[in-house]
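Structure first, commentary second.
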Amino acid sequence: MQRELMNRAKELLIDETVVRVLGWKKGDLGYNHEPAYFDSPEELEENFVYDAFCGANLSKYMIEAGKQEGKTLVFLKPCDTYSFNQLLKEHRIKRENTYIIGVGCRGNLDIDKIKAAGIKGIESVDADGDMLKVKTVYGEKEMPFEEALLERCLACKGKTHMVYDELIGAGEKEEAGPKGNRFDRVSELESLSPEERFAFWRSELSKCIRCNACRNACPACSCLKCVFDSNQFDSNQKANADTFEEQMFHIIRAFHVAGRCTDCGECSRVCPQGIPLHLLNRKFIKDINTLYGEYQAGEDTDSLAPLTNYTFEDAEPGIVAERGRK
Amino acid sequence: MEVNQVQRIGVFVCHCGTNIAATVDIKRVLEAAAKEPGVVHAEDYQYMCSEAGQQKVREAIKEKQLTGVVVCSCSPRMHENTFRGAAQKAGLNPYMVEIANIREHVSWIHKNIEEGTEKAIILTRAAIAKVMLNAPLQAGQSKVVKRALVIGGGIAGIQTALDIADAGYEVDIVEKTPSIGGRMSQLDKTFPTLDCSACILTPKMVDAAAHEKITIYTYSEVEKVSGFVGDFQVDIRKKARSVDMSKCTGCGVCQEKCPSKKIPNEFNRELDNRAAIYTPFAQAIPNVPVIDRENCIKFKTGKCGVCSKVCLAGAVDYEQQDEIVSQNYGAIVVATGFDTIKLDKYEEYSYQSCPDVITSLELERIMNAAGPTKGHLERLSDGKAPKSMVFIQCVGSRCADERGKSYCSKICCMYTAKHAMLIRDKYPDVDVTVFYIDVRTPGKNFDEFYRRAVEEYGVHYIKGQVGKVAEHNGRLLVQGADLIDNRRILMETDMVVLATAIEPNPDVRKIATMLTASIDTNNFLTESHAKLRPVESPTAGIFLSGVCQGPKDIPETVAQAGAAAIKVVGLLAKDYLVTNPCVAKSDELYCNGCSACEKVCPYGAISYEDREVNDHGIREVRRVASVNSALCQGCGACTVACPSGAMDLQGFSNRQILAEVDAICR
Amino acid sequence: MQVENKKEFQPKIVAFCCNWCSYAGADLAGSSRLAYPADVKIIRVPCSCRVNPMFILRAFQRGADGVIMCGCHPGDCHYTTGNYYARRRMTLLFSMLDYLGVEHGRTRVEWVSAAEGVKFSTVMNEFVEKIYSLGENVRLEDLRCKES
Amino acid sequence: MHKTEKDKAILLREMSGANVDKCMKCGKCSASCPSYDEMDIRPHQFVSYVQNEDVEALLESKSLWKCLSCFACVERCPRDVKPAMIIEAVRQMVVRQRGGNYLLPDEVPELLDEELPQQLLASAFRKYSK
Amino acid sequence: MMYKIDQARLGELFAAIAEKKDLFLPVKKADQTDFALWTKEAEVDLDTLRTVKSPKDCFFPQSETLYNTSLEEGKLSIDAAALCDRDFVVFGMRACDVQAVKVLDNVFLADPVDTYYAARREHAVLVAGACHEPEETCFCKVFGIDAAAPAADVATWRVGEALYWKALTKKGEALSEVVKEHLTPAEESAVEEAQTQIRSIIDKLPYSHLKLDVFKETPMMELFDSDRWEEMYKPCLACGTCTFVCPTCQCYDIRDFKTKDGVQRYRCWDSCMYSDFTMMAHGNMRTSQMQRFRQRFMHKLVYYPDNYEGMFSCVGCGRCVSKCPAALNIVKVIKTMGGEG
């Protein structure tokens, strides 16, 4: 598919439909591909890559790309299109400056899972089959593709693109339902005692180094100036000085993206400390679904988000305590 | 811009006689306040709100050059304005005053002096912390356009328009149908005095049409509303009448000659037919017909053109187009009135299947000399005069299910008494029976009126809702139960009249959305306060007249119409409106353009525009929010919807509230 | 730190009250002399929809042991819709705090009208009692704000 | 165990699932009832009897066995009170008190008749069996 | 003098150290390993090659209080934070981390001396372990660091069942003395085979042969003005991951926090990736992410060597290589700027 994508991108550059291409550039370790702009067919030929290590969601880059002259071609995986739609809805990007090629996806790989399986000193990874074939300085290793999937791919939203100009390697309405129930882990945590939940989150969140990777990678966190970088709420903090701040940061961040988060999983993917941040967002999604009706952010560009909407019969906040009693 | 200066705060502690002083140690509060950074003056007084107390505040402001004032006293709901006024008199911006509520929230509920004093000190500190961050606010001004719009040309709209116009202001009436007059023009007589409806309404219609300050747009609808109190911009669509208003003489020949005469006549509740070119009724204003293009042969087939040929004035104009009138208004009155509910879900009353089962409004038309039967009471099935009639009350009113309405329609008891009385008067041989649940007659001379129907006119009132009406041997069989005698009633009758529930005009939803005025679950427009602001919508500059706000009879409607008018006049009499300065404000440097604020604003006060901003040297065009301070009421919903904190509320800013939180948790 | 004779637990409770209903309800409780513990301190906001989750977390950071928000009854909001938004926001926020293991009893929302002085006082009494039973807030606090 | 009238009234409310307090005494149920004339206690009165906790009188009423369960009253009640459900509940209470089945399944074949609508049998089962 | 201890008995060694000094070492918590204070319950993890954060925290914590002020009765009092006065041991550092401490020393111990840092350094004993299984992201060799022979106060090797222990400095010897009873003397040659093995693997690693000459040979302004920065920075998300996991990043910010009744002044790590880095009252001279991105790498590869006799302030630990959310890193920068790989 990589070749097909590259050729189509070249065509679109040559016929001047677009002036630049936003895609992924081959990394030097076989798995560390980076988001990149390509201005010429030559650059594409040299560096363009598309494989299971192209996890980065390119939607957010379109905020900056959209400000430039001319159209940008962007490759979006099915789940990236939700983020793109959400950004469109919030007027953060311009559709008319974008040419979207929806690309097929068989799931993205988590290099940390590969390393956690004891595969070290990686020289190259062959991810074409059901088994990963990894060349390392310690010899050749193998592991099943499935077992190295990113957390977000384990609860895949499906393979259908929500927005695109054309599709390559993907069908119009592809079904590839979630492999697991994405709320299982949330339910599990909910069923713990408050003490256990507190202990779990304390141990997870205490790892936070406030590097802001989660925020900066998050397509929903598109504020020009985050409240944690400004003093609008006396909230400007650069680093953790107290455990409270880790909680504060993550609660408010999750709250600010509640109803807007598409569950793209970038936060957990990029966290250098492996904090399962998606479990915070999914908690909000689960609550919203059960209390206010199923809602998938990014599915459309015109519905009212749950927090800018209401019904007369909404649940009372006391429901939290009632649920707790059960 | 105000130069940021060091705040000089004065604290004034009120004893309120012994109301506060009995359970709060005033001296300790004073001492504690005086130690707070920024406080340069602290004093107490028996009654701070008295003239002498206010004098102390004014003097201290001048002598100590205070930049902020904290008054520790009763609830701000009581005297905040008093002390703001005092500050203003002394040259201090009134919004530099904060109140610490140490009476209602402290001395009156805490009996322990230790506890009370401690809490009073904390609340005082919180108020000091807040006032330190207060900024002088200037109440803004916005121009008032001296013209009002009335939506709906029924009795409510006409009366409102007349009252506003009589006060000297321009008023436009927009009426959807070809004539003003509304529901009242369809009525025969009115309770409780039995005057002829047309006799009392027509003069008002004529007055309105003749009034130099009133412009009437009939066959027109409001298309678009923007702007805000004092200056609404409204687009009115004048639908093509196909008849030139300036040429038509109202002779009526066109209507007589029109070959397409089989169109259900809306004015007569579709009990008879009208022509494709028509005026709804004889006294219509304007007395100019319209062509119903959907049913006109000329418009349907291109052939015909009879009306044009017979019109001596040459007024018929098939080429006429809809016209958009754009006008600015200072105030808008909604007077969209009501209709009766559909009865398709009440099969048991056989309304759909038996022509002799009619609604009360249909009876009005039947009784009316200009109605489908020329005023003769007769059965619509066979034209025979009835010998017996049954009235059924509360059809669709006071209903708990989705078939009807939960509310009491309010007018039915009285008009039914009126109908019964009129029938018994004109046709003494007709037996009249009324099935009722309760007879509700609150109103001047109302119960007397109902009693006359029973005592003088011999109308039978039976307590008990009717269970079923069915056709039976060419008559109607009414099955009921007399709840008082506990006896079954099975009676044959000739006509059944249903007191059908009324509901707001269905168009009101669309209009309310345009006006950002709220409506309740029954589609009645919500008033700003059920008791104290009954003719104002919560949306500033929008007023309510007539049944659009809730069921009303004519006297009530006229009274409310006058009330709405005086509120409008009160608004239009001002050249400028002073706006509440405690409104939201967006910082363009922090704004992301996401529209979250816009979506939660109940007043449509937030709009977005592409504007060039200078973000510390980076100049770029960004989509940013701006708040119309004339529309904003200062609820703060937007401030929380805004993730970046760009939106803040003046007078209750994020920092101010956080400072209070900090002070309380110290 | 001084090792004074350790004081009894004295909770700090912040109550956000909307200006039109709940603050007036609190005033009515006052004028009706309906007592509730002095631990409750009221902050006046124009509407419950003005209450930002930031304020609530800030209160806990600064050592509050409980936070309660009061507004007009749904349907009675002075600004028509404010409390509907507030209701969703607080439901989700409280649910999140509960999820993080913060005792749900420390947060509460009550709708109190201007006529419900009795309700205001009853609610506050109940809430304070609840906070006493939960004890000091240690799961959401900033140690820097406790030092003295 | 002896139940007080009050207990029985509460039980009736529960069993019937009808909210008698919604009744506005319009009498449309009685007006709609085909068996009205044969009843000693009329459909609309059932509501008041429950409200007044006079359950004993209801249990003895012959109206119970005159009600056809046609549900016209339920259909037409403007307040969604469901009078037929109350009557049904009283009937159930009587049947339970008597502790026996008036109609046993093996008696059914005997009763079968070409002319008999199935619905009647089903209805009879509901009325006369536990 | 080479000693050894059975790896199974390391717990006793740690307990013995902890009795006298604070002991920091890699501890696994919620699946991630970072340096933390040793306790009996701690899950010590010496197998993980590289902790997420470097041991930099032990000398230069992510945030530390400088002083507290309080206002009472209108009077201001200032209460300065105490300097570190307790000896501590950092066990399980890697050769690159040890080199990183030297990078920090150059900055913080130069005049004017950073007293907070100096106090910690004075009380610290560094115990490093050789890297027996280096990974593809490692490139310490490029900076002349020998992962097989870490230059700490004490160097250790894990060979077979034993941990070999060799003091290299006086501080190291003093520590050996403290734990003497747990150590048994061993042959110097016991670790030689392991060292050879390590060096041969490192030689095979993809980044081990980067050449940095271009940064020494090209004029500074030419590097600064290079067009390549504009190409490279674009994927950067402007998060601070690279700077916060970096063992040598030393920029900090000083901030005030409003406490109960005063102000706590503290310093915390800053990141040149953040938009408010070097924000001053008048504004910021770096207005674009490109400028901030360039700053980071120019500092590591050009400015720092320029100030400190050619010493780079990158030690090749590879943390940024593995943690950057956009898969950017210093190696890509080196290669793009002309460093051979």
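Quick notes on this one:
Per-chain residue numbering starts at 1, and chain names A, B, C, D and E are given in the order in which the chains are listed.
What we mean here is this: contacts are C-beta pairs under 8 Å (C-beta built on N, C-alpha and C of every residue); 3 or more make two chains touch, one makes a residue touch a chain.
What you see is a predicted model; the values in this text were computed from it and never measured.
Counting only chains that touch, the fewest steps needed to get from chain A to chain C is 1.
If chain A is disregarded, contact among the remaining chains keeps them all in one piece. Nearest to the common centre of all protein CA atoms is the CA centroid of chain C. For the pairs B-E and B-D, the larger set of C-beta contacts lies at B-D. The greatest centre-to-centre distance from chain A, using averaged C-alpha positions, is reached by D.
Chain centres were defined as the mean of their Cα atoms; on that basis the chain farthest from chain B turns out to be E.
Look at where the CA atoms of chain C average out and do the same for chain E: the two points lie 45 Å apart.
Averaged C-alpha coordinates give centres for chain A and chain E that are 30 Å from one another. Put simply, the C-alpha centre of chain C and that of chain D have 50 angstrom between them.
Centre-to-centre separation between chain D and chain E, using Cα means, comes to 84 Å. Annotation for chain C: residues touching 2 or more other chains are 52-54, 58, 62-63, 81, 85, 89, 144-145. In chain B, the residues that touch at least two other chains are 600, 641, 654, 658, 662, 666. Residues of chain A in contact with at least two other chains: 227, 233-235, 241, 307-309, 312. Taken pair by pair, the chains that touch are A-B, A-C, A-E, B-C, B-D, B-E, C-E. Here chain C touches chain E in the complex through residues 62-63, 144-148, going by the rule given at the top.
Against chain B, the residues of chain A that register as touching in their complex are 67, 90-92, 222-227, 230, 232-235, 256-257, 304-305, 307-309, 312. Of all residues in chain D, only 22, 24-33, 36-37, 42, 44-45, 72, 76, 78-80 touch chain B in the complex they form.
Those residues of chain B that touch chain A in the complex are listed here as 521, 587, 589-596, 599-600, 608, 615, 620, 622-623, 641, 643-646, 648, 654-655, 658. Here chain A touches chain C in the complex through residues 186, 189-190, 194-202, 227, 233, 235, 241-245, 247-248, 251-252, 254-255, 258, 280, 283-284, 287-288, 291-292, 306-312, 314-321, 323-324, going by the rule given at the top.
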